[in-house]
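Shared chain: chain A. Partners: chain B in the first complex, chain C in the second.
For the complex of A and B:
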């Protein structure tokens, strides 16, 4: 999995590419932990090029959203591909995480 | 032509996850699976394999177990056999997928996905081994 970070004002966008499986998920967890530790409070997870997520990846998504929330911040998820959308739906994550059609819409929701 | 049965020896390491995904894709190749079917099989097998490694073997490396893949018509069956202590993953309590964010945990979600994605899932303890059998019938190939 590739993670590409960019910033817009106080919002960090992490563009995820490839497969967020049990082997790759610690890499994202460390990245999110580092952002929160450095003071970032608004994070967009752009999933437009993410074509796979397992429960290990969901655990990192959920943990990241909770850590940001308890620090007074927020996470917004964007542009889910069909397989990732299916996993969110089956897991009930569409109800607990903020999911937006595009990275721009996700960023706007955090502004 | 790929044989209709394939035995994949695995070790108790998360490094096996992408290897299993690649093996499933190659094994299903002759059936020309649609993206949803391939995704379902890869995801269910990641969850099942992770369960063996993390729960069965407690995350300890160096244990060997096997994944057998079978094709019968368009039905793909996967059999995971391990010699870890008896453990029926399918007996886990159902997760509450409608709980709010603060109360959401992740325990049991993998098994929940396995049950949702497979047409059948069965566990038995046989000859001192855990045997988990998962199956899914693939949709007809695109015309």
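For the complex of A and C:
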């Protein structure tokens, strides 16, 4: 999985590409932990190029959103591809996480 | 006595399934408890990075020992078959070993100084084993935390989501968190229970076995 980071004002956008599975999820977890530790409080996870998420990946998404919220911040998820959307729906993530149709909409929700 | 650090999910389920006062298992479908223990072992291995799952299959990522003899035994079983199987299939296989999982978890809780073992005879013949609580700190702390999660609107951390999911799957949540406040939050509990894919598969596997079969399954009393 590739992670590309960009910053818009106080919002960090992490664009995820490829597969978020048990092998790749530690990489994202470390990235999110580092952002929270560095004081970032608004993060968009852009999933437009993410074509797979496993239970380990879901756990990192939930853990990351929880850590941000506990630190007074927020996470917003954007542009879920059909396979990722299906897993979000199955696992109830659509009900507890903020999911938006595009990275721009997700960023606007955090502004 | 081994140190009482973080309990595994197998230990948590075994502990929360005991009645504080009597030291006996709470009433629940036997089959559900077997599957919950099997699911708990898979959740432990998943959180430890040894396996990964998706709705289609369970994959072994690493056979490196976890240091926990119970989990390492389960990992060996999973690693022996490299054919990708759905989580539900593995639950069925591991549930057949649930008596061993239950006994091993109870023994561990005794070793940790959380429970003590009491053996007695009923009618001078039938052996009965109970596990009265020695240290109730862990059980109270977990129940309090999970109850707050159900009654509030906070996001769960992944461990709590997994534990709630397993407790719901074997219908223990309804016993542990009974009361008007929790009943009013049934939708919230159902939503939280879906957040762990393995826990969700435990529920699905139990459902797939059929309500008729569950109805005929003896209750633990």
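Keep this in mind: the second predicted complex is superposed on the first by the 111 of 111 C-alpha atoms of A that agree within 3 Å, B and C clash if a C-alpha of one lies under 4 Å from a C-alpha of the other, contacts with A are read in each partner's own complex, and residues count from 1 in each chain.
In this section, a contact is a pair of C-beta atoms (placed from the backbone, for glycine too) under 8 Å apart; a residue touches a chain by one contact, two chains touch by 3 or more.
All values derive from a computational prediction rather than experimental measurement.
If you put the two complexes together on chain A, you find that chain B and chain C bump into each other. Within the superposed three-chain model, A:69 lies in touch with chain B and with chain C [touch as defined at top].
With both structures placed on the common chain, the touch criterion links A:59 to chain B and to chain C.
Within the superposed three-chain model, A:19 lies in touch with chain B and out of touch with chain C [touch as defined at top]. Taking the listed stretches 6-14, 78-86 or 114-122 of chain C in turn, the superposition on chain A shows a clash with chain B for 78-86 alone. Shared contact residues of chain A, touching chain B in one structure and chain C in the other: 21-23, 52, 54-56, 58-59, 62, 65-66, 69, 87, 90-92, 95-97. Note for the complex: chain C touches chain A at residues 46-47, 49, 51-55, 59, 61, 154-158, 161, 191-198, 200.
Taken in their complex, chain B has these residues touching chain A: 14-15, 17-18, 21, 35-36, 39, 42-43, 46-47, 50, 97-102, 104, 106, 109-110, 112-113, 116-117.
Contact residues of chain A toward chain C in the complex are 21-23, 26, 52-56, 58-59, 62-63, 65-66, 69, 87, 90-93, 95-97. The touching residues of chain A, counted against chain B in their complex, run 19, 21-23, 52, 54-56, 58-59, 62, 65-66, 69, 82-83, 86-87, 90-92, 95-97.
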